[in-house]
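Supplied in structure tokens, the structure appears directly below.
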Amino acid sequence: MSSGKPPIFRIEALQQHYGGRRALFVPHLEIAPGAIVGLMGPNGSGKSTLLRLLGFIEKPSSGLIHFKGRTAAPFDPRIRSRVTLLPQDPYLMNRSVFDNVAYGIKLRGAGSDSVQRVHRALAAVGLAPAQFARRPWFALSGGEAQRVALAARLALEPEVLLMDEPTASVDAESAERIRRAALAARDQWGTTLIVASHDWSWLFEVCDAVWHLYAGTVFPAGTRTFFPGPWEQAGEGAWRRRLADGQWLIAPAGTDPSAPAYIESQKLILSRAPMVEGSRVVLKGTVLRQALIRRTGKVVVTVGIGELTLTAVLAPETLRNEGMAPGDGIFVTYAPEDVSWIDSS
Amino acid sequence: MEFLLDGFVQAIILLVHLDPETYSAIRATLWSSSAAMAVSLVLGLPAGFWLGYHNFYGKHALRTVVDTLLSLPTVLVGLIVYAFISRQGPLGEMGLLFTLPGIAVGQAILAWPVVVALTATAVESMDRQLSITLRSLGADRRQLLLSTLWEARFGILAAGVTAYGRVMTEVGISMMVGGNIKWATRTMTTAIALETNKGMFATGVALGLVLLAIAFAVNVSLSFLRRQVR
Amino acid sequence: QQTLMMATTTSTDDTGLLDYLMPLFTKDSGIDLKWTATGTGKALKLGENCDVDVLLVHAPPAEKKFVEDGFGINRRQVMYNDFVLIGPAGDPAAIKGKTVKEALAAIRAKQSVFTSRGDKSGTHQQELALWKAAGGPMPEKEPWYVQTGQGMLATINVAAERNGYTMTDRGTFIKYEADHKGNPPLKILVEGDQVLLNQYSVITVNPARCPKVKADLAETFSKWMAGERGQQLIAGFKLLDKQLFTPNANE
Amino acid sequence: MEFLLDGFVQAIILLVHLDPETYSAIRATLWSSSAAMAVSLVLGLPAGFWLGYHNFYGKHALRTVVDTLLSLPTVLVGLIVYAFISRQGPLGEMGLLFTLPGIAVGQAILAWPVVVALTATAVESMDRQLSITLRSLGADRRQLLLSTLWEARFGILAAGVTAYGRVMTEVGISMMVGGNIKWATRTMTTAIALETNKGMFATGVALGLVLLAIAFAVNVSLSFLRRQVR
Amino acid sequence: MSSGKPPIFRIEALQQHYGGRRALFVPHLEIAPGAIVGLMGPNGSGKSTLLRLLGFIEKPSSGLIHFKGRTAAPFDPRIRSRVTLLPQDPYLMNRSVFDNVAYGIKLRGAGSDSVQRVHRALAAVGLAPAQFARRPWFALSGGEAQRVALAARLALEPEVLLMDEPTASVDAESAERIRRAALAARDQWGTTLIVASHDWSWLFEVCDAVWHLYAGTVFPAGTRTFFPGPWEQAGEGAWRRRLADGQWLIAPAGTDPSAPAYIESQKLILSRAPMVEGSRVVLKGTVLRQALIRRTGKVVVTVGIGELTLTAVLAPETLRNEGMAPGDGIFVTYAPEDVSWIDSS
């Protein structure tokens, strides 16, 4: 976070409330220019809310967002033309595909190359301009519409591109194309990218850093596993929770038995053979998925334990040495004191 | 009954070789209604957008007031405008009484709530995503207004056409403010009222049909706005 | 070219008298005359508010008050026509040939429908005066006494639809007759009574109250109407070969 | 100018202790306009839904015709209705002339195109997904119609309120068909026209304000429809 | 396809055209009652179109769909209450969450248990009724809205449930819950399910059979890899196409050089060591992803070759024997004559 350049976003005590419920609370956060940050987290964890706030589409209930060192607000002319958001729900205007993509360019006063820019943007998301540019907005499949909406943002060559689930209804090939377009944007225009997605392997592939959101709280960098409540007493200073398959989670006693807890992935030990070691908790699980992060050569592993899914990023050698293929039963071991509570106050 | 048929025949005759009296009334109607529509659209569209787009305390109450103004009786508008532009009124100096601009002022007042209420409804019924989309693509406040109105154009068109119908057909203002002066402020509707008062029902019907024909021509020329995408 | 603004009652306009006179007046005087035809009450009100220069109306009591109150000057009688009582050919109240007083009494006694303009126009005021003269309480909420609040023709039409009686000026009735190709459902039943005279006057709006009023042009018009040329033209105005107005500026 | 103030004062007096004449006119206005609205909604909502929901050949042309009917002059409607229900007319037997039901018929004709055009616009502006959703959840044609109208309720409300304003304030039909007969078919608007013609401008203004007050009361009682979700 | 029961859907010569373009063509197809069929295919391949037609939401341009042996059309009362579609774009009505879910039940004339049914449906998609039922429709995150829309369909206990990308913006835990709800529907009510999704591993997990769609054509059962054009001449009776990484695809000469071709996955040989064998084509690729199909114990493997992604379902032993972990380079070998052309006439 302390690179030479000043952060492009600095967030101070940001809160967003909807109808009395707090949807997001970010005490402090900085994002470096040119970074590609991924946001992951369950439904309703606040990803879209954070993106809307960073895109200055909504006003926060309280707190400040500094853009390049200065506080900013919706309609700030410094921001309008530089920060763009691809909303989760892609909305196309009642115009042709071409006009939808060209809209933002025209707002700025189109240069003479606007047609090329539109065509380039369409090609970048895998839509042949000759085939799609003249179509009306409604003559598109779901994934095509999603990609047109993205093309409209890419055409702006923005300084900050916020993408809310850009690959949600997009085929694998296009997801790959979107990944390349995102990286190209950073390389060509220095674009800072912030991307929310439920496709973990895609997210790890694209992003320099992936942040976890849970119940409105942001956990920058590193993967985590979240243990939702409710918890019950388990003797001296410990709480426990029963999983669907009958195993027990153990955590140090907290303050609110309905609160969720979490543990960082690097504090988990994954092994084929059970580890028996004093006060540690040992859980049996199954390897569900493995996905290569081509950029780093590491592998994202998803393990199912009861109804929980646990995600860790491992080196391929670790996998090969332990011999963990999908379907293999493995053991996950952790120390209860490594479990932390999420403060929901 | 037969005066309907007579009126129909007479209407065709009137349209085929326009006599100068009818022509003068058509001109007066088109002049005042166009001017009134221009004013009420310029003042009504932004107000309607504002009312439909924003959420603020008292919005519902304001909507109810605007809706109430849809029931503004034309004669009342006529009387109020008359009070201001009568020679002894505060704006008497402007000499608007018994003129087409005077009528247009009154008709603009009549049309304004229609434009505002229906524009607000049209804007309100737009997907909430539209605003997010426009703003995320870099629209400033003015562009947001214009693009939203353009996206809501079917609704806005309905607002305009409804207001236009109200203005075209009103009698009270034209009568009170315009005075139904032959060759000058006699509009189609005051002419119809006059003919009907004289018992010339067929002529009244004929003029009414001519008025409808004009409205039809205006609507046809606007129907390009109905096309979906270019 | 100078413009003179006049307020007048609908009867002068509806009969076509003004369309006939005004081009000739303009030719003679070089004055462009515009008029607005409304109810008598509104015409007087427009004069009171200085919005017109001259009035041509037919409600002598109201006119006199208008002048007395200082709103108008130089009231000149220019012409008259007369009122008639009309009713269905069957004449259920049997008023044909009676005097006005007897006729109204018969209508009241028979409770035959009688339509009244009820609009404070000159005609209405005249009708009210006739009822007063006929004695008895003024009819108001009587089911047979229908107040239309509309112009003369509409009131005649209501009477025709309801098979009732009404009082009208002769000019309007002649037009009505013509519209029905000479065979209207309602016929003249009472006419010629002295009390049925309908006097028209020209009044100049008082320039002392209304500085903008073109009193000189109004005078020109007033004099022209009362003068020989105007009087002759009025006498010569015919509808369906019937004279509608009798000039009487000299009386 | 001062007649405006007089009118305002008079309006308050009229409202505070309702004199029987005004009361009769209010009653006539409410009766005929309510009946007219009921008829035009019952006949107009399905027609408007049909026009807005379906795509068919000639739809644009039909929309243009309906839009043109928004410019139907009230006197023309009055004359046409009069032609049918006059004693010599084909429906003369029904004895509708100079009655409130007669006025209501004419006003329903006046309001119908407003309801149809604005309902069609409201339905058209609904998300295409709505229809898919309703049908995928098992709606039959009737339920599709009712649910779509309910989802479009802000637009439908605007249609109703606009049509109501048109009906409440029209003079031509009430005059021609109703005859402005005191104690019977004299409505607020014909009363205003009459008073104005009499030169009783203050009374005209007062009655106009009373009419607005009635409209306000009606709109307030409808504003529950504006609430978002229950 | 020849089980004892008659098919619930039988499609004959079904075509759907949009503005002159053919979006779907299905000569003949049958779906057995109680089946769970997955649809996969790139954007614009016709998945949503097929689902809308099967849901009797749209009328086809030509062809027939028989439902339980009888031809049916939109608004058919036999169908309305039995077949329900979850559209790709979940649309909520301007009502509370509860009323949205209860809508369909009320249409049928609610039984006295409608409140329980709504609450059960909400719980099935992981939304606590106490927390969500009273919320207005707009106070939801993207994934929550998607799940409310699904709950509205589950509450109907339909005979046929068509789901268009039910997990598109849904978190991993909810995707698992939706899987369980789908299976429960089949088991409890005998529901036939047809599901379109881009999440292959989820789809294989849920479905008895996964069908491929490509350019409006349906390929029932078995996985395939598609090779889009354009192709060029490569000597005697062969066409070829260059991939982004410089390797060449070879196919037998077809009729239209812009047409796509495909090969069935079982005709591909995956191996760590290169196979050198006569006329075969050998391509180098990388293992990108592996996902367990818990239901069968098999593993879906995705291999990247240039810009293509190739999917195969393998037994876990095969993987373990060959030692193919994510990131491993592998060789894909096929015989050119196994490549087929897609008829785009």
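Every chain is named by a letter (A, B, C, D and E) in the order it is written, and numbering of its residues begins at 1.
Keep in mind that, in the parts below, a contact is a pair of C-beta atoms (placed from the backbone, for glycine too) under 8 Å apart; a residue touches a chain by one contact, two chains touch by 3 or more.
In this text the structure is predicted, and so the values were computed from the model without any measurement.
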Co-neighbours of chain E and chain C - touch as defined: D
Steps needed, at fewest, to go from chain D to chain E via touching chains: 1
Chain pair with more C-beta contacts, A-B versus B-C: A-B
Centre distance in Å when chain A and chain B are each reduced to the mean of their C-alpha atoms: 53
Distance from chain D to chain A - Cα centre to Cα centre, in angstrom: 54
Chain C-chain D separation of Cα centroids, rounded to whole Å: 36
Separation of mean Cα positions, chain D and chain B [Å, integer]: 17
Multi-partner residues of chain D (each touching 2 or more other chains): 86, 127, 176, 193, 196, 201
Overlap residues in chain C, where contacts from two or more other chains coincide: 38, 150, 154
Interface hub residues of chain A, defined as touching at least two other chains: 89
Pairs of chains, among all present, that meet the touch criterion: A-B, A-E, B-C, B-D, C-D, D-E
Sites on chain E touched by chain A in the complex: 18-19, 41-45, 47-48, 88-89, 139-144, 147, 164-165, 168-174, 176, 198, 200-201, 286-292, 294, 297, 299, 302, 307-309, 316, 319-320, 323, 325-328
Chain C contact footprint on chain B (complex, rising order): 86-88, 97-98, 175, 179-182, 184, 194, 197-200
Partner chain B, residues of chain C touching it in the complex: 5, 10, 13-14, 19, 34-38, 49-51, 150-151, 153-154, 156-157, 175-176, 179, 210, 212
Of chain A, residues touching chain B in the complex: 52, 55, 57, 74-75, 77, 80-81, 84-87, 89, 91, 93-96, 99, 103-104, 107-108, 136-137, 149, 152-153, 156
Of chain C, residues touching chain D in the complex: 38-46, 48, 118-121, 141, 146-150, 154, 158, 161-162
